[in-house]
Amino acid sequence: METFIQQVLNGLVLGSLYSLIALGYTMVYGILNLINFAHGDVLMVGALTALSVILLLQAQFPGMPGWLLLVAGMAVAIPTCVVVSLIIERVAYRPLRNAPRLAPLITAIGVSIVLQTLAMIVWGRNYMTFPQLLPADPIQLLGATVTVTKLLVIVLSALIMAALMLLVNRSKLGRAMRATAENPRVAGLMGVNPNYVIAVTFAIGAGLAAVAGVMLAATYTVAHFYMGFLPGLKAFTAAVLGGIGNIPGAMVGGLLLGLIEALGAGYIGQLTGGVLGSHYQDVFAFIVLCAVLILRPSGLLGERVADRA
Amino acid sequence: MTLLIPGLRNSAAAAIAATFVVGAVLIALPFVVAQTPLANAGVRALAFALLYVMLALGLNIVVGFAGLLDLGYIAFYAVGAYMYALLASPHLTSNFPALAAMFPQGFHSSIWMVIPLGAALAAFFGVVLGAPVLKLRGDYLAIVTLGFGEIIRIFLNNLNSPLNLTNGPQGITLIDPVRILGVNFGRTQNFFGIELPSVYLYYYLFLVLAIVTIVVCIRLQDSRLGRAWMAIREDDIAAKAMGINVRNVKLLAFALGATFGGVAGAMFAAFQGFVSPESFSLMESIIVLAMVVLGGLGHIPGVVLGALLLAIFPEVLRHTVVPVQQQLFGKVLIDAEVLRMLLYGLAMVVIMLYRPKGLWPAPEHGLNPTIRRGRNGAKAQTA
Amino acid sequence: MSHPILRVSGVNKRFGGLQALSDVGLTIERGQIYGLIGPNGAGKTTFFNVITGLYQPDSGTFELDGKPYSPTEPHKVAEAGIARTFQNIRLFPEMTALENVMVGRHVRTKATALGAVLRTKRTREEEAAIRRRSLELLEYVGIARYADYQARTLAYGDQRRLEIARALATDPKLLALDEPAAGMNATEKMSLRSLIENICKDGVTILLIEHDVKLVMGLCDRVTVLDYGKMIAEGTPAEVQRNPAVIEAYLGGAHKSVATKEVA
């Protein structure tokens, strides 16, 4: 039985990952009213691409330090994910921008399946081991045990999210994004190119997903073609929990969901007298999802969805 | 029948003739297919395709008629299947000695009990799952139902301790075959000198069930309830204002849609002889949804077509793709399973982009049918 | 002594910072055509939405044909006997005109799913009756020839008529029409006017939101005027027209002098 602090730390690691992924969902939903079903699979592409690069480099340059490999992996994963995401937006989502809502949802599901099967073809079906790149010695912190990788997740996510907040709130592009998120047509009349802003939104989301994917694989040392599904779904839950379309909401929602899941999984055995074990962990996210959507659909911080007048 | 083939509407004689022809083809089909290289596997595929027809029509009530996007529909299939598995296999009696004592013969259930029971249980779950989600908007409803479907699958996968209810990932085996009037569908039977292997028997059973399903759906569609569903789908506020109890009518859609899933599930369990949580994954829900959407949302013939196409095509694929790849590349690059999924995904994207109403949508009948709504919803002018 | 068809009083409705309705009420006698007018944004449609249950009021008492009712569920309101049309036409676009009207019969009929599946005699008879009545209503409003056409393909004026037919199908005691003449030309308006008069003659009381002053003058027995959510006048059309507060609301303070002139 791990200590409370340990659970909290695990929760923060998980939550940071969820936040990064949730941001992608929330930003796209805020502008397009579309659940980008394929987002989780984009993160998978990032993780697997990074893995291939890292394995390649390890074979070619056996002396290369772990952190460099990680950086190299990310450096390739991020543009790959961005490109994939932009292609998806251009080919599958843009033509359906004004179609009744069922169509883009079906397309999104279709894209998700295509990504998974392409990944199956390229990388095979089996679970692959993501190498331990950073020192694995446990560090004692505040009474809990962490690894460098886990700390990196928390720190990196925090930095990225801070940068994103700066971008969205202080830059011209950020202003354009916020305007388009509120009312694309009017933003267009004010000289903002909505297609450009939407593309940028997808690109940023994809970049975040790539980082999350690589860090997810690095933390749990495993990667495979289906790895994006559950994190994707949970991250969507987190986005809704915080308030869909609401960027700070996604951050808060992600962290909160991570904590709920870690604490829940840790204590569920005790709570149910041993009837339900920790393999019901995934059910927590689903329960939170259903509860939020049924009881408080606008989320904790309120939703921010485009006004499609 | 006349509804399904436009042009025959006014000719009773033609309708009857057509029914006979189609009927004869359907009855002869297993024998014909058995002669092809697909052999009995082909007939098996046909039987499964008929199960999918039932599933697709059931989901069509929810998605097509009432406009409620359910991504967890396979849960009802699972409920029906596991119910039958528990009531018609040694699982419960071998795990719970108390039950074994009460039922020394073991659990065997007659189909006449199983079908209504499966329908009722699935309907119950339909109400339970549907009630909390009724007021959610489209995509949220989709995600929550997806969540429900996954929750059920996780529970099925894990309810093997402390009490072994579902036998976890291994599933339940040794399920009784269907027995009607003493005829055991699990064995080859002989009718008037014609040999009917078990697979043929199930095919005919499922054919009957599929036809019943089609008839029931047509009747529901052209009824007060069917209109209420469509009204809700088109504009649920106006529907409310016209006196429709939207909440109850939506629940009815969930419940009725679920019953088809439940019955199909029970038949599946009997046919396959074992059930495991693997058969009830999200991918299955998506496949059934694809059948409804790609076939022609809300249009019964379209949905049947969609189900048949998407169920049979992968089987054909399996028997062509592997040998072709062997010929061309000397090895199998993409196995049939993966190719099947890839094509499902591509089909979903392509059809939504180019034929969003499906392959066989409901015919339009309007003043100026050539006035088409353009991509951005604007009415195009006609000359 | 029969009760008024509709008696509503003390309705308040607030949306966040906006007090949409302040202490609004009206009484409509059986057989009247009652008008609700006022400048844009005065709260007329909000009032409609409150009495038909689409919005929940912060306060108010509601009585239909002598019986109090609580407008919490729109379908119950329809059952009790208030039917409405919408300012921005809300038909069922993919359904045919006939089907649209048949949906209106839902609330007065009883066939169940089981009856539909088994095609019992009672169900079949009810279906036939629904069909007959719906065709009658299409005839009544003048669009019977479009019975099998999808509602979205009908011309604008015909769509408005279809909406009225659908509302009538619910056998209402009170028919609430929200700007039925919007977007119509003079000929269409005359035709609409005689339709509304016929409906009234045939026993349905009418509550009408309208901007067209001539139409209101010609049709309505009594009128209530709203401005910024408050009632500023109530009476016969002629009385209300001469009311300075009404004129100010529509035309602005500079035109108060119009009050002394006769308006045709």
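Order of writing sets the labels: A, B and C. Residues in every chain begin at 1.
Rule of thumb we're sticking to: a contact is a pair of C-beta atoms (placed from the backbone, for glycine too) under 8 Å apart; a residue touches a chain by one contact, two chains touch by 3 or more.
Quick caveat: nothing in here was measured; it's all calculated off a predicted structure.
Among the chains present, the centre nearest to the common Cα mean is that of B.
Put simply, the chain farthest from subunit A by mean CA position is C.
For the pair subunit A and subunit B, the distance between C-alpha centroids works out to 33 Å. Measuring from the averaged C-alpha position of subunit B to that of subunit C gives a distance of 44 Å.
Each chain gets one centre point, the mean of its Cα atoms, and the points for subunit A and subunit C are 50 Å apart.
If you check the complex, the residues on subunit B that touch subunit C are 216, 219-220, 222-228, 230-231, 234-235, 237-246, 252, 256, 362, 364-369, 371.
Every residue of subunit A that touches subunit B in the complex is listed here, in rising order: 33-35, 92, 95-96, 98-107, 109-114, 116-118, 120-121, 125, 229, 233, 236, 240, 274-275, 277, 279-280, 282-283, 286-287, 289-290, 293-294, 297.
By the touch criterion given at the top, residues 52-54, 73-75, 78-79, 83-84, 86, 90-96, 99, 102-109, 111-113, 115-117, 119, 123, 126-127, 130, 146, 148-150, 152-155, 166-167, 169-170 of subunit C touch subunit B in their complex.
In the complex of the two chains, the subunit B residues touching subunit A come out as 69, 132-133, 136, 138-140, 142-144, 146-148, 150-151, 154-155, 158, 161-162, 282-283, 286, 289-290, 293, 297, 333-334, 338-339, 341-342, 344-349, 352-353, 356, 375-377.
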